[in-house]
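I'd like to ask you about the structure that follows.
Per-chain numbering from 1; labels A, B and C assigned in written order.
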């Protein structure tokens, strides 16, 4: 049941201690991580999808904001490396009695946690946690700011399909302004050589972002694109009048079979899930051969196993 | 810590892939399953109640409708065979944001699940899941339709007490119309040779069911019965005027010490739990030597271990 | 990965079967438990914080009243000794449908549980559970009555800092009347030789408690104290007018740097958490070198591992 992972992998000495965003990460770090993720894919293809790599380590998932899918993905990744998991959810805790983020994290830390996976609606809390606690922190989404493991699994899935991202045009479409997924991809994909276009209605675009192109013109964004990513639309915001109406959004920005024709032939389609079928994209596109939606989720396991492994064990290598 | 289970058990080649209801299951399949359950009982009688049979397998419990008891029973059964458990609850997920059953299940599946235990208030979802996913599905209750592991643990408990079900009269009393437990027992027990009587107020009886007798007359149902099962009454329905009032129900259908006298001497009493004491049955009956209530729960462990084992590993045998 | 714990530890034959409160526990029992807790501290200082001591045992945490911190602390302690954990929460169960405490516990017991950790807002339920079930019961807090593992970790932390409690003055300050933490400490600390002072506003003091001193005078309580414990104030009660207002409480009973000067130099400060910073104590005190707050949480792991080990395995030694 052993794995050769621990013995054969080497790292550049300066690998970052945390994964908060991609500050401090360089292309070599990412490529090293993806090498490990490929080994994890091999583990996941076995009948016995479990390795002892993190036996005796305790990983805490601390979700001040609920997200079942992301939490389960991290917890399964940790358990498949034989780590123990402590699952903390803000909603069911003394947080509701006014305990601060800091006190909560220090309390958990005193129980002997080896790494933290933090999700929170307030941007910056994972960065503060990195200062408060002497342990690796993985940002699982903080406000609109960052969601780096989602970007990693997106990039990994794109590399798997496209071979390389060098000079590739990637179009990301939807509510860019409120999207941590868009921001993290806008940070990561250019590091790997891609040209990133962010596209959405004017009210849903940020003023400016470094290293990426912004446009309200879907045809311009999709033209000759090597891959297209549709973002999830928050219906709650629509209902409060903060977004275009559904018919308006669909008319201008829904990814359809026809519009996908503007991109390169066989350009894959990504979506971070969960999808609003027939809103962000034509429902049947999710099942088409061009869809990477399920592949993204599967690769999320391999990538999150690799991240946990690198931050907990890899640094010693 | 090993068990001889894996080595010694053999199966008929055509064993069903899923446990949705008892379509496709025959008496030989059931008897083979119960043989395994007896071995699991032996495991559960040890100080170390754990075997490595499912190491590296991941079992997902997907409860779109909450049921703590059933969920815990399955999860403990899975862990006692060293499986990893992914516990998904509809209430805390993006289901509330409108994600469909199918998308939720496909997302979980992409994480690498080996078997699904599904509970849902919409009848038929487990059957659809069997088509959507290439993995064994265990129906843990779908609407009023079926709850096959409950029927299996009932039958197993009856066999343990009565030796055989051949020609035995089993009376099931209560809200038959809305009961998946009654429906699954009405399917399973006749396969094992039993004569099943379903009894309740006229408004709570279905029009017809194959292979079983229906009656509103409690005395007729209990007369000379070899075993009596009281069903749980949904007080919520009573409050909405859909059921007889509590006094009316008690007057006509509560199982009392006296009425139990109409059945055979020592005929055991079953209840799927949780009980409304002094409603479906006279409260003290639950503690009488004739009660199988706790034995049913205990056998639920052995039977669910056997089901998971047969569907995940047994088919290769 | 083994530990010498099992082999080297011996017990007095009459060790209590349960930890409901400290009835039946004597000083020798406590000291034996603390010896084990010291070994567990050593385990917790290793990179691989896991021992096989409770492999194959199933510990149920049954929280009829929610308490994330305490539940996680017990569950992590159990898992670090390789036990399986069944986590039951009253809020998500058929309890809401009126099932009694007894029926719920008997149902869980039928699944094959080896020990219970019970939290409940109704005082006395853990004692009843000890009669209903043939298994070790650990009281994780019942109403205002008792919270013995909190007192044990407090005492353990005090011993670690002070060396001995013989003749030491310990001041406990706050809402004594409604505090199970105060009651359990008032029971345990005198057994270890300490002189306990309980201090709070007159409306928040009980009429009398054996073996301890009661006072409304904070200066008298803190004068020359060897350690000071501030209790958590329930803001909910304040809002309902049952407590002094926040300004009144702060004026009379908040532990400040200045007031801590009334105690012995370097007298440590304890708090069971979660803190209301700047209410029970001046916020910055929690980070001062005198604060044992995080040390209490860390020791909670070692002490709870020791309790589980003694009740499950130790009695055979």
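One rule holds in what follows: contacts are C-beta pairs under 8 Å (C-beta built on N, C-alpha and C of every residue); 3 or more make two chains touch, one makes a residue touch a chain.
In this text the structure is predicted, and so the values were computed from the model without any measurement.
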{"item": "Shared interface numbering between subunit C and subunit A [over half = same, under half = different]", "value": "different"}
{"item": "Superposition rotation for subunit B onto subunit C, Cα-based, multiple of 5°", "value": "120"}
{"item": "Centre-to-centre distance between subunit C and subunit A (centres being mean Cα positions), rounded to whole Å", "value": "40"}
{"item": "For subunit C, residues contacting two or more additional chains", "value": "none"}
{"item": "Subunit B contact footprint on subunit A (complex, rising order)", "value": "1, 44, 46-50, 66-69, 72-73, 75-76, 79-80, 235, 273-277, 286, 294-298, 300-301"}
{"item": "Subunit B residues within the subunit A interface of the complex", "value": "55-58, 84, 86, 88-89, 92-94, 97-100, 103-104, 106-112"}
